[in-house]
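One structure, as structure tokens, below. Some questions next.
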Amino acid sequence: MSTSDTDIDPEFRPIFENRVRFAETDLQGVVFYGEYFTFQDEAVSEFFRQIDYGYEQMERDGWQVHVANTELNYRDAAEFGDELVNEIRVAEIGTASITFEYRITRSADEQVLADGTVTHVAVDLETGETRPIPDAFREAVAAFQGGLEASD
Amino acid sequence: MSTSDTDIDPEFRPIFENRVRFAETDLQGVVFYGEYFTFQDEAVSEFFRQIDYGYEQMERDGWQVHVANTELNYRDAAEFGDELVNEIRVAEIGTASITFEYRITRSADEQVLADGTVTHVAVDLETGETRPIPDAFREAVAAFQGGLEASD
Amino acid sequence: MSTSDTDIDPEFRPIFENRVRFAETDLQGVVFYGEYFTFQDEAVSEFFRQIDYGYEQMERDGWQVHVANTELNYRDAAEFGDELVNEIRVAEIGTASITFEYRITRSADEQVLADGTVTHVAVDLETGETRPIPDAFREAVAAFQGGLEASD
Amino acid sequence: MSTSDTDIDPEFRPIFENRVRFAETDLQGVVFYGEYFTFQDEAVSEFFRQIDYGYEQMERDGWQVHVANTELNYRDAAEFGDELVNEIRVAEIGTASITFEYRITRSADEQVLADGTVTHVAVDLETGETRPIPDAFREAVAAFQGGLEASD
């Protein structure tokens, strides 16, 4: 349940920019579709850094995140040397999971290349079991994003 | 519409086996989630080889495939050295697209590690536009798989 | 033959910066040794861009480069999130080859992580055979770097 | 010092076979030069498995290996779908290091694609410092390979 309309749909934020590496292309001359998950993951990592609750803090607090699901739709192809902008927004925080919407755009013409989602689940470092997301993390997200859609 | 019950749900076929490479692991000690798309893609490539209509034949016939969508659910983590079995089945062939269901399992205990789908779209090599899938390819899939669910 | 002492040993130039991606780490918690070649390659690509003779120009002029040899010495390990600086300098341009010295440093403490070389050979796009490096490329390198060590 | 002539130059042993993955190619239509280090590393990992002293045993014995140097010469290019054979032999075991000679060949025509070396250094798991290679490892290598060139 969202606490207000503005919470439901936070804006996409450019969070990670990268230039297509030669090694990321394949023999079709474009970025291999699996490479986009590396970009998506860097967008999430950078999000954690920007809310000031990165992997080191998770470790200190006894948890980490595992990817439970991801999906991408491919709209257009990126070529070697293209400058790309990766954007994410938190779509939903459940008891133990966080779902990001993700979008990657070519800078030159603002063409969306791919969009989709990735869901991370909180896992206890000691037991390896799913665990609730700490309030401190929730608050860091909310403070950064100015409101979130909550779910149960 | 499927032409018979057996068409609707062809069995998963083991089609590509691989052993987890050191380079495929990440600092959590398991295979990075994006790597599974490389495995998924090899499963599709091997499927094309086994139906005897590989990328070379596509090129001769003036088309290639682009990934339009992919989704994976992660069930368990693969570790360095684990032997994995990749299985696929054609879930649907549309006018211009083919959707595979995909599953990857750890050999030692038959635990499913991830499952999901990938949809490829046929693209004309000259125009770069979406085009119908050639009948010869359709027939090769049908002959290999013993029936398919058709869609419009 | 070098034209002056200062030509023999052009300074290293920072040419490509990157932050260690999660996917680039391995289960030892550091960047996999093979990943450094992706960084090295981006340093070379950026060098070609900066001398204003990139891959597109090579293609227009009917040639491309293939890697013939590479070597790296590893001094220290990069960790997830580390900010890295990649530096190169042209060590030698032969009739058909160009050798770069390469060095990658962690920004935080200026520790060299790896250093070595990579040699590219000019290949004719039509014949696939080794061919002389065009004078226009040589001149672009010389202009950028302020002199080069020549070899026969 | 070698104990006999046959010790100095043990034969190359095919130790790891792989088929070129689509994701391993680049826009030149061949395997990216950095990918060969993933293959090289798998050859080394498989060597450790075959001498029955793998990474798990190292960990139990309190050490691991870090790559200190690697070099490859590229002779010919591998294409998508090519079947490759990776061969290694131990060239030298020092007090704290082990150097492998490595060669990768295309099965279809036995063309060597790349050859070179990789040197691993033994590192203490607790201190992170270089340490002598345990005798048990040395003996496992010698038993497997039928003699080794020793160095000081």
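The first chain written gets the first letter, and so on, giving A, B, C and D; residue counts start at 1 in each chain.
FYI, a contact is a pair of C-beta atoms (placed from the backbone, for glycine too) under 8 Å apart; a residue touches a chain by one contact, two chains touch by 3 or more.
According to UniProt, the chain labels map to these proteins: A, B, C, D = Thioesterase superfamily protein.
In this text the structure is predicted, and so the values were computed from the model without any measurement.
Enquirer: If you tally the C-beta contacts, which comes out ahead, A-B or A-D?
Expert: It is A-B, judged by the count of C-beta pairs in contact.
Enquirer: Does the subunit B and subunit D pair touch with the same residues on each side or with different residues, judged by whether over half of the numbers are shared?
Expert: Shared-number fraction above one half, so same.
Enquirer: Report the inter-centroid distance (CA atoms only) between subunit B and subunit D in whole Å.
Expert: Using C-alpha averages as centres, the distance is 32 Å.
Enquirer: Using CA atom averages as chain centres, what separation in Å is found between subunit A and subunit B?
Expert: Chain centres of subunit A and subunit B, defined by C-alpha means, are spaced 25 Å apart.
Enquirer: So, what's the distance in Å between the C-alpha centres of subunit D and subunit A?
Expert: 37
Enquirer: List, in ascending order, every residue of subunit C touching at least 2 other chains.
Expert: In subunit C, 22-23, 32, 34-35, 37-38, 41, 80 touch at least two other chains.
Enquirer: Across the complex, what residues on subunit D touch subunit B?
Expert: 21-23, 37-38, 41-42, 45, 49, 54-55, 80-81
Enquirer: List the residues on subunit C that touch subunit B in their complex, please.
Expert: 22-23, 25-27, 29-30, 32, 34-35, 80
Enquirer: Residues of subunit B touching subunit A in their complex?
Expert: 28, 32-38, 40-41, 64, 66-74, 77
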